[in-house]
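Letters are used for the chains, namely A, B, C, D, E and F, taken in the order the chains are written, and counting of residues starts over at 1 for each.
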Amino acid sequence: MVWQKTLQVILFLVLAPFAGGLLSGLDRKVTARFQGRQGPPLLQPFYDLAKLFRKQSLVVNKLQTFLVGGYFVFSVFTGCLFFAGGDLLLAFFAMTLGEVFFIMAACSANSPFSAMGTQRELLQIMCSEPMLLLAAIGFYKVTGSFMVDEIVGTRVSPVAYLPGMFLGFLFILTIKLRKSPFDLSTSHHAHQEMVKGTTTDLTGNVYALIELAEWYEEVLLMGYIALFVINREWWSIPLAVLVCLLCYFFEILVDNVFPRVKWDKMFRSAWLVTLVFGGVNLLVLLCVRLIH
Amino acid sequence: MKMSQSPWLLHYDGSSCNGCDIEVLATTTPVYNLERFGVINTGNPKHADIFLITGGINSQNAPVVKQIYDQIPDPKVVVAVGICACDGGIFKECYNILGGVDKVIPVDIYVPGCAARPEAIIDGVQKAVVLLDKKRQQMDAAVRPAAGRA
Amino acid sequence: MSTRSVVPFGPHHPVLPEPLHLDLVLEDEKVVEAIPSIGFVHRGLEKLVEKKDFNEFVYVAERICGICSFMHGMSYCEAVEHIMGVEIPPRAKYLRTIWCEMSRIHSHLLWLGLLADAFGFESLFMQSWRMREKILDMFETSTGGRVIFSVNKIGGQRKDMDNSMIRSFLDIFAGMEKDLKELTGTFLNDGAVRSRLDGVGVLTEQQARDFGAVGPFLRASGVQYDMRTTGYAAYGDIDLEPITSNIGDSYARTVVRVKEIFQSIDIIRQAAAKIPEGDFAVPVKGFPKGEYMMRVEQPRGEACYYVKANGTKFLDRFRVRTPTFANIPPMLETLKGSQLADVPILILTIDPCISCTER
Amino acid sequence: MGVVAFLIFFPFLAAVILSRMKKQSRARDGVVAASCILIVAAVIGLTVKFLSGGTSHSYLIETPVWNAAILFGEVFLMGVVFYFGIRYKKYYVLLLSAAGTLPIVWLELSGRGIEGRPHITVDNLTIIMCLIVGVVGSLICLYAIGYMKDYHRHHTEYRDRSSFFLSMLFVFLGGMFGLVFSENLSWMFFFWEITTLCSFLLIGYNQSEISIRNSFRALWMNLLGGVGFSLAIVYSTLTLHAANIQDLVGFGTKGAAGVFVLVPVTLLAFAALTKSAQLPFSGWLLGAMVAPTPTSALLHSATMVKAGVYLLIRLSPLFCGNAAGTMVTVVGGFTFFATSLLAISQSDGKKVLAYSTISNLGLITACAGVGRYEAAWAAILLMIFHAVAKSLMFLSVGAVENSTGSRNIEDMHGLIVRLPKLAFVMIIGIFGMFLAPFGMLIAKWAALKSFVDSNSFLLILFLAFGSGSTMFYWSKWLGKLISVSHGSKRHPDTVHKGEWVSMGTLAGLVVVLCVLFPVISSGLVRPILMRMFHTAAVSVISSGDIPIMLLMLCMIVVLPVTARLLTFGKQNKPSLAYMAGVNEGDDRTFVDSFGQKKEMYLANWYFEDIFGEKKLLKPSLALASAVIVILMTVAIGGAF
Amino acid sequence: MAETKLVAVDVQNLLEEATKLKSGGYRLVQMCSTRVKDGNELTYSFGKGYDLLHLRFTVGDSTQVESISHIFPPAYFYENEIHDLFGVPIEFMTVDFKGNLYRTAEKTPFKGGDSQ
Amino acid sequence: MSLFSFAKTEFRNLFSKPVTRLYPQEPRIYPERTRGHIENDMNACILCGLCSRKCPTGAIRVDRKEKSWAISRFSCIQCGCCVESCPKKCLSMKQAYTQPGAEKKTDVFTKPEAESKNAS
């Protein structure tokens, strides 16, 4: 049991960066083709990361590097918890902790664009958190457990009972992946009023850590999506991979057909979606009490 | 994996007439698509490898250019795009033009043209990228003996 | 204690195509105050007339700005021609008109792209600039340059477009129209795009007049004012109705410019149908003496070229008042009370051209 | 019993001594310090004795003398209220005070009072409360010594009555000890009124116009609660013949008496809601900010507001699945959500803390109102962790205010450079307030689970949305503290030794409690809950998660350092923050549009337009009032 | 076709003339200076419809010129420019950049160029 | 009003060939008028220096003593003014542009002695 979990964690630690990097590569390639251009090589994200690790670091202050370290560690740790079959809520809290480190890192720079970026980043977290929590609760209500390894052992894919949660999750996935229309605090391009927002003042290998952490996070989010689909049958796993890819493709599409909306729109729409899709779904679950 | 496979670009408009400026932007668009070479137009000096600058230097933008240059981490290369950036161009006799970009920061590659063509900009970037690898090696070489002594 | 931020915005900033600086005072995301600073691109080219002879100065004039390069060169030439009393051949006038309108289309497409970029719609930016490349190809075919054309001279044009070339261009425009409709449809009808434009940066007609707005910025506030109707170049022979909107917000400015793209294509068609055969330049002798202020309608609005000549080969004074210079004060009005996220859009809705503003 | 008596009486004794001493003397400092040490020692002694003894004890079954003394005390308190009410021409407080006290007096004098049941109880819950009141309260008193010196140095406009202030702090502690030990409702009511009056006097300490206004607001709201309390006593004495919490709980909500029990329970819950400053009674706690910081720290963490939730936890088993419970959960949950939004719009450090207190107490209230084992577990743990972390926050804000002259969060920009030690302490406090693996979060987690298990739809939503906003206001505060602005001057650190002792201990407690919480849970919390709810122990947080959380605690410190080593670049070079190309040589100034050097200023966002008090407060108050009125009517109406 | 008129005015009457134009419905088109011997020739252009009206006056190097930015708000932009490049002392501008609108290497380049 | 209105264009792009010109793998063919760089047919040049005086950027230097005609490639703005003003029409505008480089180079053309004799 312990060995199996250790193995899962090691597999996650080793494979997630590849999966995350490939997903970003795919993203850039597909985006380029959406725009009618050739686009970079599929492996471009890996080149970028390798380059960043080899760049000089211009540090604004030493504290920042430490805080980015905290962000990285807890992002990866969240993934480990999740893929070791741990508690969803605990994973959620670990993620929050990581995010707070990220925010402190950006704030410590004392730079206008980092600082304004953090305010928006906080707003983004405030928008996405309720839905993440509700989704975890949804899983619990359906499968009777917050533990990932128990959730995947369910008889019927949770999405059957959680269609609203799933849609709500897709919505906030856009926020979490920092994709248009919600790439308010920092986006993959600096061409916004915030420059690079929260990551404006990070350079070289410190910035590389952020990118790497984002890949881990990407895989974690895909894991969440898979959790909606996986059940105890073997075929649910390839199905889950397919659903993940479709969702990712959908996110790329959304990224490409939307302008960046303003923060108040994001706030209102995210809470509304959470309330309507997540809330109603939960209410139905509570009322029907299908399970238990 | 070489540095040259991922050159991120920062563009600043010195005192250009916009001609070169919009040509730089045009190279990032579908028809020329600089991203084929891994180039991202970052817009943030702290993430850039290539400093692409159009237009000449005047007394008001000289400190800005210098500051942005300083905020780009090593190894970095500077590409002066357009005749204005090369030597002040048709404006070089103007009272407020100090000259080309090399008046304030070292320039690695000059891209001629008024305006510089997208193809020329692509050529310039590709030449600059090779220098990135070279500079990285020099940095390593500079560190190693120092470490050896310590 | 204050909950207001004071931050610098520019001169280097990724959403600004050109250096412009604002001291921003923000309350949360709301702009309380914006004080502009220019001068980062100032070269002092007006004073070059004292060093370059008035014929050579065309090359400087067309580099006042690389976007309406053609119109700068042409307007300078027309001003001098006016002082010298030179009547240029009709074919040259029509050539000027066609190139002017091609410039307007490329400029408006460029602007649409930058606007899309300002509200974070990368694909739309890419698509706009992809369309613009077609115009640039036509420019390269006809003038040999993509952005700086060098086809104007005092007394006419340096290059001609033969009729087969003009016809091939018309075919290209015909092919583009459908794609343009689709592209501009997204700008005008997409709900999410509208949410970034509707009601953003409203400038009332009164404000527009008081603060001296020009061009599409002015017309979007409901003022019918288009210098082309005064009939320089060959515009006297062309049917055109200034395009206006009376909403006065960023959306209205988009509508006006989008419609102008199609209007320009129409003008090119009219000009192509009427263009007479003949010479495209006349030789010019002597030196100018006198003064004149030439006003033209550039993509960004009315520009003034003041030339004062003293009868030698060097002019006394050359002065350009570009549309952006006039549009900055009213733009600042729209910034007050706007949101930080709208700052790039508001700066862009005047389609700023700092290069020619500062010269 | 001796220790219990000592705990109740000694603080009053200390108070009397202090009030006789002249201001700002070494001897006075010594008395305060010694009293604090004695109280802490007594509390710890009691705890050790109790834990080794194991079960709960009840004392003082027949107590005519004491009863008479308490009756006299109640009348005396009423007299004091009358005095102030008349002096400041606030006659409505006379009415409220009389309405609360006279029924009890009548009950006792007419011989309807019920005798023969214990008046004092010591059980796990009392022990927990004693620890909170004793340890945290004493630390605050200790802190007050140094604080009041600086306070009067900065605020020469106020009369120095610090001896009175310190003595009131001790009266407060005594009142709280009495309250938690009391088993008899009338006794409890007496101590309840002491805390009311004490808070009134402390809030009005400055005697400025605003402090007087705010102190009267606190007074009338709490007296109103007191009226509810005394009505509950009267009703339960007359109808149920019970004057004892245990007996009340013993009735249960099932069966014939169940319907009637709901009446006093609802009234008591109402009293508790006022004391815990739940919406719509949040106003008094916010107004309490005008007093010197130790007051706030005491009111918010160790005493006063905790009295309310303590009562609710005691009554918790009676709340399961009835209108009274619904009232408590809905008001609590809503308070949690609404005030966490309101906190976003505040920039005054103390006000943020106040809203956060109300918000957290809302959560505790909601947990107590659920009336289930897990929820009560969460409530108790929340109470413990909140007391420690919140007092730490108040004390550090106070210390910052004394050093820099401002308690505004905006002015705490870059505190990590200017006052690194204080900033560090504050960061620990903030971490303790809302981040895993620290206590508050663990308890919130348990709360969430219990809400889910009890299918409380509204509470789940309140918690989900409220925790998002909680994250927002704390993190942006953190961000302010941690901004490293180069070249800003280091502030002289004027914090006194005693203050450091308090803050250091509290900061240590925040971290240590995180490790100790399984012990507290199994040693103190679970036994009492098993008895209260008659259920077998279930562990709320699965045992596998605890080591993981401890791992996180280690990681917070250790791993980032390693990660830092990992990324240790060969050529790290210091550089300025990006400021669009116009830094003026440092990262605090830039070249402005007039070509001059200008100070950059970075403010947090406050969203006045969305979350401002102007926008949210009135509707929230209205909504909460409506909920209370409707559900109280339903709950009480059910009995008739 | 647009008409152009050139009206010579006196510095002292400038504000008066400007006020008249304002009430006559004119807008500010441009303001420019031309260096003449020991002074500057200023041309303020106003428009009504497509018609133009230039106010023209010449000032010596030290003559104070009063700002019309209180009458025509955008004028401050032009006036600062004339101040910075030609060294014309203009008073009471609504926004005064104090010579820093254009931070040129050479102060008042147009004036300097002429006197050398 | 609609959302996703741009998706149609995007899917069409996705399923058609990118418009990207694969320069430099595929060389670009320029239109005939493209202004790239100036060539001088030194056989015809009489070193009169008119081009040098007309050039707005002073990119051309003519040295009669050395019999050389030099153009500073990184100062030339391809305006074509010299081409038009040359009395011998020996200058021409070629489509290929000057290659970017690390040095601002100047191309010097010298009048071939032998041929010039032959020519005259």
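Please note the rule applied: a residue touches a chain if its C-beta (ideal position, glycine included) is under 8 Å from a C-beta of that chain, and two chains touch if they have at least 3 such contacts.
Because the structure is a prediction, the values reported are computed rather than measured.
Note on connectivity: the fewest chain-to-chain touch steps from subunit A to subunit F number 1. Least step count on the touch graph, subunit A to subunit D: 1. Relative to subunit D, the most remote chain by averaged C-alpha coordinates is F. The greater number of contacting C-beta pairs, out of the two interfaces B-D and A-B, is seen for A-B. The chain with its CA mean position farthest from that of subunit A is E. Inter-chain spacing, taken between the CA centroids of subunit C and subunit F, is 28 Å. Chain centres here are Cα averages; for subunit D and subunit E they lie 68 Å apart. Here the spacing of subunit C and subunit D, counted between their Cα centres, is 65 Å. Here the spacing of subunit A and subunit C, counted between their Cα centres, is 43 Å. Residue numbers of subunit A whose C-beta contacts span two or more other chains: 32, 34-39, 56-58, 112, 115-116, 119, 189-191, 195, 200-201, 203-204, 256-258.
Shown for subunit C are the residues that touch two or more other chains, namely 5, 7-8, 11-15, 26, 28-29, 35, 37, 39, 42, 44, 47, 59-60, 63, 121, 123-124, 126-127, 130, 145, 148, 192. Residue positions 12, 29-31, 33, 36, 42-46, 58, 60, 64, 68, 71, 73-74, 89-90, 95-96, 114, 117, 139 of subunit B each touch two or more of the other chains. Contact between chains, per the stated criterion, is found for A-B, A-C, A-D, A-F, B-C, B-D, B-E, B-F, C-D, C-E, C-F, D-E. For subunit D in complex with subunit C, the residues that touch the partner chain are 347, 406, 408, 410-411, 579-582, 590-595, 598-608.
Those residues of subunit E that touch subunit C in the complex are listed here as 1-2, 4, 27-30, 32, 34-35, 43, 45, 50, 52, 54, 72-74, 76-77, 85, 95, 97, 100-104, 109-110, 113. Chain contact summary for the complex, subunit E toward subunit D: residues 97-98, 100, 103.
Residues of subunit A touching subunit B in their complex: 28, 32, 35-41, 44, 46-48, 50-52, 54-58, 189-191, 195-196, 200-204, 207.
By the touch criterion given at the top, residues 414, 416, 435-437, 441, 445, 448-449, 452, 455, 457, 460-461, 463-465, 467-469, 471-472, 475-476, 478-480, 482-486, 542, 544-545, 548-549, 552, 555-556, 559-564, 566-567, 569-580, 587-588, 600, 602, 604-605, 610 of subunit D touch subunit A in their complex.
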